[in-house]
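Paired with chain B in one complex and with chain C in the other, chain A is shared by the two complexes that follow.
Right, the complex of A and B next:
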């Protein structure tokens, strides 16, 4: 069953940045875009099991800290070698200053 | 192929990270002619060295991906000669393979010191990895000769597998070739905390097989007892094919910034080549790193198809040891000054500045991937030939992203 989970406060994340979030044994990455829109993806890169939250966010792109695989975190799209598989994204919403993601 | 005279292919000799990336990049760049990817090892393209985790072979791509990209893959294929005038690669089985363009992505081989008296293992190929891993069982005493990246990754893996590890390094400290002293010291401390016995400033004069193992005699006196002796003392570029064909080499196959060798339509890229680096006054560099291999392969593919952009990627690599990662961007030995940023989490970021203040290198070691973001931003500054304000670099309160975006850096 899909459910909305409170992931963090809106100002826990700087603009154009990412933080980790763990829920029920799963890792997620929560993003705040330069224009303050929130996004969520799986926590790990699809190339190797590296946490994306240690990577660099530039504009709408997250880059894996290990092999520089890049994803559009707004759509999950893999942007070229070495990442060949898109990263899964999750819906987000902000209510009263709290960021929620829909998982499950 | 009897009865057929196919148009000459683009042939890639070497199916490691560089050659394989080049093959796919040719397709991505729109080349629709034949691509032959010939590797000397029996396995499909794989990432090396494969000891640090499970010891399993980690493929770069599967046969489906090769088929889908219409890349003809020949495993177990040795080249015996190269006729550059005729544009023909001669294979060990006698076949003559005409090429339109040839990419030598022959890589490097582990240097193997010969002491006599007892065997010394190395780690380069999957076969090396399988052999070695079988010997790294709990309680075994492992001596690692060489305190560079491979040696220290080996030490870290061996400790994780329950071995008692001694690292013997000839130089005064670990990773002396490419890592600044204070960053290397962070890693050295982590090794000591993990129980690794580090012996710097001492050479090895001989090995003696004993009933219970191997006795290593140290130049400074004293001995180390081990069950397994493994060397990580660097890699030598695989240049023999090029040399025999009269192609210019100088500790690596000499290429220009487009990976072109001295022979027409013959290119070389990855660990086997030495190329002039535009960011460092065209100083000839030879790199051994995952990302360089990838980027060289892609850049060489573009050059083979007529691309004219010189390759200027910032040298960058990482090494994982225990639960720490060390990353280096740029060429540390081109720095004449240094600035250190002490982050609130206790991690230090080292910046190397050239005369005139240009940022030319950065390095750091810390838990997990905690240093990755700062080193990546430093790398972008290096690529721009930026001369950032040293006070801003040193101040952990100033985000490096804002330094990157300041007009001074642009």
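Right, the complex of A and C next:
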């Protein structure tokens, strides 16, 4: 059953950055784009399960810290080897300064 | 179990299709959790940040030197038929046949440039120069970073235990790697991968391997055709030949990375060296001498590695002050491993450093024992 979960405060994330969020045993990555739009994906790279929150955000791209695989975090699309499988994305919304993601 | 392993047994041990692969998986070494020094996120973001300027500048200088030395060598050869061509070709050869390795490496990680197409362009060029298929080697190097020096998992262990000394020595002039590269090109061009390559190259990527091999072979065919047609070695001296006569510095630099150090560990401070080098060597090697730092944080571009070194050096063993200092350790260690395969270089960390990450008794810097039936 999909549900909206409060993930963090909007100011917890710097522009063009990512932070981790854990809920119910699952890891998520919450992104703030350079133009202050918030996105969420699964927390792990689809290649070898490395946490994406330690990676580098460049515009709309997150680069995995282990093997430099890249995803478009706005769509989840894998951008080339060594990541060949898209990462799952989750809807987000910001209400009263809190970032929510829809999980489930 | 005998402490001496030789020949076929050694190759089987390091094969990705041999029993050590599964043993490493069973032991939790494959895809293991590696030690990383604590660097604040804000600082790490600064260090990871990409810029085109340093790598574009360095690449223009690098290509400029290659063209200049190649042009001067060609001129002395063709116009004056002079032996003065030799030193220019020697410089050309080292730039082409050795330093393309570090360009291949940095652009392969995608960290050298901010602009992707420049990075990919250099990767394709350097892969051709160093005679590596860009796709298989991208996946090979990915595995090398996942399972650095894990026996049966890492396809890039250059110095086995015991070392294949004859191969290492003749390879200073590419006498193994270049024939193997051509054999692989023909295999790939025919639509085949080796068993080891099939272990780490996904199906969906293999068509690139076959296509690239055909292109590379076509270039070499034209080169040889020109040499035969005009009755001169010059085309081969300029294209392909440097992978032989200019390869020696690749070996000199490359052996400092891991030779003689621990296998089957989950801490790059146990299996990797950082060696101080002069400015010229650091330009030629694109700062790959900061190798502990690179393995711990592969996202940091080469031009920020000296800063990363300053951030984490308190957690590491003292840096080797020179190439000479590194080789004073490497040569005796590799020679000793010829008769004692349980020996490895284990460095002492600085006081106050985070302790080595050794989660299980297996992670003791030695190759895992083979099952009895294969070790006999």
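The criterion applied here is as follows: the second predicted complex is superposed on the first by the 104 of 104 C-alpha atoms of A that agree within 3 Å, B and C clash if a C-alpha of one lies under 4 Å from a C-alpha of the other, contacts with A are read in each partner's own complex, and residues count from 1 in each chain.
The rule is simple: a contact is a pair of C-beta atoms (placed from the backbone, for glycine too) under 8 Å apart; a residue touches a chain by one contact, two chains touch by 3 or more.
Just so it is clear, the model here is predicted, and its values are computed rather than measured.
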Clash or fit, chain B versus chain C on superposed chain A: clash
Which superposed partner A:51 touches (first chain B, second chain C, both, neither): first
Touched partner set for A:74, first chain B, second chain C, both or neither: neither
Dominant contact partner of chain A by residue count, chain C or chain B: C
Which of chain B and chain C A:33 touches, first, second, both or neither: neither
On chain A, the residue positions that both chain B and chain C contact, one per complex: 54-56, 63, 65-68, 81-82
In the complex, chain A residues that touch chain C: 17, 47-49, 54-56, 58, 63, 65-68, 70, 81-82, 84
Contacting residues of chain B [partner chain A, same complex]: 21, 24, 290-291, 294, 298, 318, 368-370, 372-373, 376-377, 401
Residue numbers on chain A that touch chain B, as the complex places them: 16, 50-51, 54-56, 63, 65-68, 81-82
Residues of chain C that touch chain A when the two form their complex: 31, 44-45, 48-50, 109-111, 114, 135, 138-139, 142, 145-146, 202, 204-205, 297-299
